[in-house]
Every structure is written in structure tokens, then in C-alpha cells.
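Next up: some structures, all given as C-alpha cells.
Each of the next two complexes has subunit A plus one more chain, namely subunit B in the first and subunit C in the second.
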Partner chain A sequence: MNMQVENRGRVLREHFGIAAASGQYVIALAGNPNVGKSTVFNALTGLRQHTGNWPGKTVDNAQGTFTYQKKPFLLVDLPGTYSILAHTVEEQVARDFICFGQPDATLVVLDATCLERNLNLALQVMEITPHVVVCVNLMDEARKKKIAIDVPALEKELGVPVVATAARRGEGLDTLRETLYQVSTGVRKSKPRQLVYSPAVEKAVEHLIPTVQRLIDHKLNPRWVALRLLDGDRAFIESISRHLELQLNPKALQEVAAL
Partner chain B sequence: MSGTVKPMTTIATICTEADKIRLSSDNTLGDTIVSDIYANAEQIARKVVTHKKQGQSSWDTRLDDILTSRLFGYPIMLALLGTIFWLTIEGANVPSGMIADVLFVFQDQLTEWFTLAGAPTWLHGVLVLGLYRALAWVVSVMLPPMAIFFPLFTLLEDLGYLPRVAFNMDSLFKSCRACGKQALTMCMGFGCNAAGIVSCRIIDSPRERLIAMLTNNFVPCNGRFPTLIAIATIFVGGTFASEYEAVVTSLIITAIVLLGIATTFAVSWLLSHTILKGEPSSLVLELPPYRPPQIGAIIYRSLIDRTLFVLKRAVIMAAPAGAITWILANIYIGDLSILGHLVDWLQPLGYAIGLDGFILLAFILGLPANEIVVPILLMSYLATGQMIELDSLDELRQVLLDHGWTWLTAVCSMLFCLLHWPCTTTLLSAYKESGSVKWTFLSFLIPTLIAFAVCFVIAQTARGLGLA
Partner chain C sequence: MHVPDKLSSLADLPVGTAGRISSVELDGLLRRRVLDLGMVPGTQVECIRKSPVGDPIAFRVRNTTIALRSDDASLIKVYPMA
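The block that comes next holds the complex of A and B.
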């Protein structure tokens, strides 16, 4: 267990330029552009943030810290993207972090006024990791536009905690902190809804899963990896071989040593 | 050590396996996955979101349904394009003539002053007949169409129509295995090919970016529009009843633009099946809400940023080019001017592709900026011959006819103008963006070969059939 934590610290440092203190919970912050993601980020972290670039990428990176229930948290602001199918550098950065950075929780901020479009991102994140908190932001604007959102129903549909906020007015932030705390410390476990695909896709996935499972050994959701392979996503295949190689190396060395 | 090697090979095997499945289903799995995610999101949203009032969002959704529909999308695009050209051509005639009148009256005045001051003939030639006349031509031929075309184009941009164009064209680009964003860089190319090439940065895959850069030149930039419009107007003039002239001219220009777009697709397809092989990537394109246009901003952006910018560039290029052309035309080696020698030398090649030596030379001298091709051409036609007052398009037409222009010359000139090599600014941008001499050279070579090939085939066919 301890070795795993150490390993994650190294991955965060070397691949993402993020130095998390030991015992600090890492939370990734994802969302479409213009959903008030930065407002949420600022509201949670206050002035305790610092900005830079993702290593080797011209994409901005902001990190901030906050303390809740005497536990330290590190909030990592991912680039605003519509999806994480990785067609752009931004999407690739966001996807790689959620996938290989192993954050303790991923907070997905959605725009209440166009929930349908925003849900795509949440569903994609939920395919990668079960530790997801969904924040439906801009509730005040939705009210103005006479859009009503049934939050408990959404929570049931998604199978992950959903918090409604109006970050500009500070609405719902306390609940958000509490939920983030529960999810990242593992107090609250969720069972996210898995996407149902067309029969052709499902059949192809089923066909690939056994081989994928053998390769990635529970480090990633095999179903999701199979889907990316079917996408023909070259960038992902590069990422996966880079990151998995790094994590497999010590084990391989041990095996060699044992011989 | 086998432990480190094994996972790599397994990845490779899985990839081959996945690729086999992917290709056996016609490469549609990626799209199916994306639309399935959307279907899931829609299903959830329907359960949890209630709209009390439909309000504003409904009319723009309905408008989007029409503008991006399979049935009406393309006809509407064509109609809008045609209308813009028609307004430009119809509207530019009168002010063009007026500006030309004023500027050429001033030329006479200048000539008088030069005579009064006892200036030598060569000085008057270089400065007035060369430099000033080229400037006057650039301004009177280019300014009015630009001052109408750019605001109209900017208006469409401001209304939010261009993203819809990109949306409509996405499937076409995809079937050429290129990126849908190429529609946007292509639209930028209508403004300026150099800007179009720089805008290719928005395309993330290097392969698709190169395709977009290599084909950007096939849409006429605003340096070439005036040339196309001038030639089309001159040659339609007189052949049709005057009330139809502008309509026919705008149809011709629209056809030329469509041909350019078709060439873009053809070359993209060819590239992605030969030297730039690969699969297209899909993208999420957000259709922004329609906005009421900001008239002030449109006028500022289109007139200051675009019209004056292009005009300034043209003037800076045209002034020395005019002077040089005059000098070339008036320095004699043997019994022929330098210009004459060059023209004679280029004549066989020019004739083979439906042009003549003068036109080909004008295109070559126009390499720094496409705007100055027509002024250079007229300068070289007129520099040696007798002085003619060019204050109307009819007389301009006479000059061209006197130099043996036929409909075939006009058609080939327009095609050559559409397809030929990019200007130096564009080449420079291509070099900066690709960082490679090889791709820059290809972005010169491909259009050049196509221009020569197309014009050659058309000219030879027309002559062979005895049409010209």
C-alpha cells in the first residue's frame, strides 16, 4: 500500500509536475469551458493557489489547496474540455491526469443551463474512475431561465454524488466540500452508471476485454481501455504504453531479481 | 528482461486486434461510440431536466435545423455566397469608375506639372506612368469591391453563420479523411491565405494540419478576388443584356470559388491517400448562439483591419512593381525591351496553357502579392504601346482584345489565378508553421502543377475542338 502511494507521488511529480504532500488528498477538477469551473476553484481554494504549465505542454495548469475536517486537499484544475476523447492537447492532458494521475476524487463541474451537453463529459469521466463528484453549477442562471433540475433523480441516474451549486453566490459550497471529503477519503463509495453502447460496440468490447485485462491488470477500467482501442486513438495508446511501462518496470525488475 | 518487453508486444497485439475489428466495421465504431455517449446523456437529461418555458432557445434551434439541414444546408450556403458576390460586383462598378476618373484626371495634371518643371522623360515615365498609374489601378480596381465584400463577409461571421458552414462541411472533409476544422481554416483563406495557414494551428493532428496547409491556397484570397472579378466583369460585359451582367458575373465567380473548394477536397483526398495517410479524427463543434451583429465593430474590423490592411499591402507592393515594370518595358536591348525579351521567352509556355507571355509574366512578377497581377499586366500591355486613357471597363476590355484575348484567355487566366502558386507571404507562413522546407516547397509545387495542368488541358481541348 505504502509503495503504491509513493509510486503515485512519483507519477504526479514526473508526469504532471504536481508535488502533493504526503497525506494530501488529490482532487482533479474537470468541466466544459464556461461553466464557472474557475469560480468553483477559487471558491474552494481562496488565494492558496499557484499556476504554471503542464510539463511539455502549452496548456495552463492551476493548483490550489484547502483544508476540510483537518484534512489537507490539493485541487488540480484541468483544462476546460467538452470531452476527454483526446482530440486536442487539452483533452489529452485532462484525460491522462484522470486516468494515470489517480486522483482521490474527480470533481466534474456541469452547467445547469445546458445539462445534456455537459453530461457527456461526466459520463466519460465515470467510465475511467468511480471516485467522481458531480457539481451542477450555475443553478441561479438555470432558475432565471426557468429550467428545473431534479438533483436527487440525477444522482440516482448517475450513481455518483451530485451537488447543486451557484458558486458565484457561494450556494452549495459547504455541501460540495463535505461530499469531496467523503468521496476522497473513501467514506462514501459509489457505483457509477456505466454507459450502454450499441450492440456492435458492446460485442467488439466483449471480444477485446479478456486480452486487455491480461495486459493492464486492474490498473485501469478494461472496458474503457477497450473502447479507446476501438476508437483507434493513437495518442492514448502512446500514453498507456508510456505510463504502464513506468509502473510495470519495478515489478519486472523484482521478477528478474527473484530469478 | 522479458518482463519489460512483453507488455509492449501485448499492446501491439491488442492494437492489431482492435484495428481489425475497427476496420471490419467500416471504421464507424468511433462515431458510434460518440453518438452512444450522447444518447445516454440525452436520456438522462430528459428524465431530470424540466423546461418550464421554451422561450428564446426555440427559434435559433429551428433556424439551426434549417441552416444545417441535409437538404437546405448547401443551397443556402451557395445562395449566400452568390448574393455576396452579386452585391459586390453590382455595387462596385460605379464607384470604381468614379475613382478611376478622378485618379486619371490627376495623372494628366501630374504630367502637366512634370512638363512645366522640365523634368526628363524617363523620370516622368518611372514616376507617373509607372509608379502612379499602378497605384491608381490598384486603388480603383480593388478598393470598391473590398469595401463591399469584407463588411458583408464580416457580417456573416458576426451573425455566427461561419460555424454552421464548418458544421455542414464536416462530413465532406471527413470523407476526404481530413479534419472538419479545415472548413474554418478554408474560410479564413478567403480573407488571406497566409492568415488561413496560420489558423491551421487549431487542427491538432499534424497530418490533418499539413493537409489543411497544403490546400489552403485553393480558395481565392481577397488579393485574387479583385482579379477574378475584374476579368469576369470585363468579359461578361457586352455579351449579355446589361441587366443580367452582374448576375452572370456573380454566377461565374461563385462557380470559380466552388471549383476552388472542389480542388481543395480533391487534393485533400489525394494527400490523405498518398503521402499523408491516416484516419480522420472527430471533433466537438459548439454552434454558438446567434448574436445581433455589432454594426460598428463590423465596419471597423472589415474596413480598418481588412480593407485598409490589404490595400496598404497592395500599394506598398504595387508602387515599386509599377516602377520596375515601366523600367523593364522601356530599357531596350537590341530592338526589344527587357520586358519584350521576357515576354517572348515566356510566350510559348503561356500560349500552351491558354495565356500569353504577358499574363504569365504578370503572374510571376505578382509573386510578392497577388493583388498586383492585373495592374502589372495592364502596365506591360500599355507601357510600350500608345497611351490610352483607361477610365472605363469598356476601354480596358478593348486593351485586352487588342492584345488577342479571347474567352479562352479569360477562362484560363481566372483558373490560373485560382490555382497557381501562393504569394511569398503565404509561403513564408507555411514555412514558419510547418518548420520544414520540404512541405513549404510542396505547398508551392502542388498548386503550380495543378494550375499548369488544368489550364493546359482546357486550352488544348478548346483549341482542338476549334472553339477558340
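The block that comes next holds the complex of A and C.
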């Protein structure tokens, strides 16, 4: 268990330039552009933040800290993206951090006034990790547009905690902190709704999973990896080799190509 | 303007008319971006404004306004509606 923790610390430092103190919970902050992600970030961390770059990329990185129930938290702001099926540097940075940085929780901020489009990113994140907290922000804007959000129903559909906030007014932040605390410490477990694909795809995934599990040794969600292999996502395959310091077996890739 | 009953594309929609997407024939990054913004088969899209030279074109889809070049819009096929 200690080995795992040390390892995670090393990956965070060397691959992502993030220095997490021992015992500090790491939370990744994701969301579409213009959903108030920065407002949420500032509201949680106050002035205890600093900005820089992701190593080797020209993409901004902001990190901030806060304390809750005497536990320290490090909040890492990811670039605003519509999806993490990475085609741009921003999406790649976000995807790599959520996958390989192994944050204790990923907070996905959504815009209450256009939930449908925002849910795209939330569902993708939920395919990678179960430690997700969904924050439906801009509730004040939604009220102005007479949009009402049924939070319990959304929570039931998604299978992960959902917190409604209007971050610029300070609404919902206490609940947000408490929920992040519960998910990061493992007190609250989630069963994120998994997307089901066509029978042909599902069959191919089933076929791939044993090989994938052998390769990645439970460091990543095997279903997610299998789907990305079927996508032919070369960049992701390279990322896996780099971040997990594995040599991805060419035979395995041939198996995939055959499918 | 004559609006054909058979398949046309977003680029053919007169301003103020809507179409339902039947296929997205773009590639790469733009394809991903368009799909991520909710322009998937079955979605209704309304043409709301064209710039004087006909390019770019503004569309309304799922409560969002998106601008596309007419070349790209011509690769998103639709069934015209009233």
C-alpha cells in the first residue's frame, strides 16, 4: 500500500510537475469551457493557489489547496474541454492526468443551463474512473431562465454524487466540500452508470479485456483501455507506455487489429 | 428557393429553416468537435444567419449557436423540414 502511494507521488511529480504532500488528497477539476470552473476553483482555494504550465506543454496549469475536516486537499485545474477523447493538447493533458495521475477524486463542473451538452464530458470521465463528483454550477443563471434541475434524479441516473452550486454566490460550496471529502477518503462509494455500446463493440471489448488486464495490471479501468484500443487511439497507446513505463506488447496490438 | 426532398446538407438550409442531421461526414478534430457539441444524427439544427458571402454560417443546435464554414457545413447531411 505504501509502495502504491510513493509511486503515485513520483508519477505526479515527474510526469505532471505536481508536488503533492504526503497524505494530501488530490482532486482533478474538469469541465467544459465557460461553466464557471475557475469560479469554483477560486471559491474552494481562495488565494492559496499558483499557476504554471504542464511539463512540456504550452497549457496553463493552476493548483490550489484547501483544508476540510482537518484534511489537506490539492485541487488541480485541468484545461476546459468538451471531451477527453483527446485530439487537442488540452484534451490530452486532461485525459492523461485523470488516467495516470490517479487523483483521489475528479470534480466535473457542468453548466446548469446546458446540461445535455455538458454531460458528454461527465460520462466520458465516468468511463475512466468511479471517483467522480458532478457539480452543476450556474444554478443562479438557470433560475433566471426558469430552468429547474432535479438533482436527486440526476444523481440516480448517473450513479455518482451530484452537487448543485452557484459558485459566484457561494451557494452549495459547503455541500461540495463535504462531498469531495467523502469521495476522496473513500467514505462514499459510487457506481457510475456505464455506457453500453452496440453488441458488436461490447463483444469486442469482452474479448479484449483479459489481455488488457494482463498488460496494465489494474492500474487503469480495463474497459476504458479496451475501448480506446478499438478506437485506434495511437496517442493514448503511447501515453500508456510512457506513463506506466510499460512496453505495450506488439502481439496484443495485433490482436486488436484483428478485431 | 427550391428545397429538395432528398438529402441535402446544412449548407443548403435557407436562413430560418431547420433540418434533422442524417450523417456527419467530417473527419478528425472537426468531426470530434461537431459531435461533442451535440450535432449527431437525429438532431434538429436551425440555420439562423449567413454572412454576406455565405460563409461562415450560424446554426442553432441544442440551445447553442455554432458557426461553421460552408465547406464544413456541406459535409453534414440533413433531411429538410418545413
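Just so we're on the same page, the second predicted complex is superposed on the first by the 245 of 259 C-alpha atoms of A that agree within 3 Å, B and C clash if a C-alpha of one lies under 4 Å from a C-alpha of the other, contacts with A are read in each partner's own complex, and residues count from 1 in each chain.
Here, a contact is a pair of C-beta atoms (placed from the backbone, for glycine too) under 8 Å apart; a residue touches a chain by one contact, two chains touch by 3 or more.
Bear in mind that the values here come from a model prediction, so they are computed numbers and not experimental data.
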>> Please determine, from the superposition on subunit A, whether subunit B and subunit C clash or fit.
In response: clash
> Which partner does A:88 contact after superposing on A: first (subunit B), second (subunit C), both, neither?
Replying inline: both
> Is it subunit B or subunit C that touches the larger share of residues in subunit A?
Replying inline: B
>> A:117 in the overlay: touching subunit B, subunit C, both, or neither? Say first, second, both or neither.
In response: both
> Is A:51 touching the first partner subunit B, the second partner subunit C, both, or neither of them?
Replying inline: neither
> Looking at the overlay, does A:241 come into contact with subunit B only (first), subunit C only (second), both, or neither?
Replying inline: first
> Just subunit B (first), just subunit C (second), both, or neither: which does A:150 touch?
Replying inline: first
> Which of the two partners, first being subunit B and second being subunit C, lies in contact with A:197: first, second, both, or neither?
Replying inline: first
> After lining up the shared chain so the two structures overlap, which partner does A:69 touch, if you call subunit B first and subunit C second: first, second, both or neither?
Replying inline: neither
> subunit B has the stretches 166-174, 220-228 or 256-264; which one runs into subunit C?
Replying inline: 166-174
> On subunit A, what residues does subunit B touch that subunit C touches as well?
Replying inline: 82-83, 85, 87-88, 116-117, 120
> If you look only at subunit A, which of its residues touch subunit B in the complex?
Replying inline: 82-83, 85, 87-89, 115-117, 119-120, 123-124, 145-151, 153-154, 157-158, 195-198, 200-201, 204, 207-208, 211-212, 214-215, 226-227, 229-232, 237, 240-241, 244-245, 248-249, 251-253, 255-256
> Contact residues on subunit B for subunit A in the complex?
Replying inline: 1, 3-4, 7-8, 10-11, 13-15, 17-19, 21-22, 25, 27, 29-30, 32-34, 36-38, 40-42, 44-45, 47-53, 55, 204, 279, 281-284, 286
> Any idea which subunit C residues touch subunit A in the complex?
Replying inline: 28-29, 32-33, 36-38, 62-64
>> Please output the residues of subunit A touching subunit C within their complex, sorted ascending.
In response: 82-83, 85, 87-88, 113-114, 116-117, 120
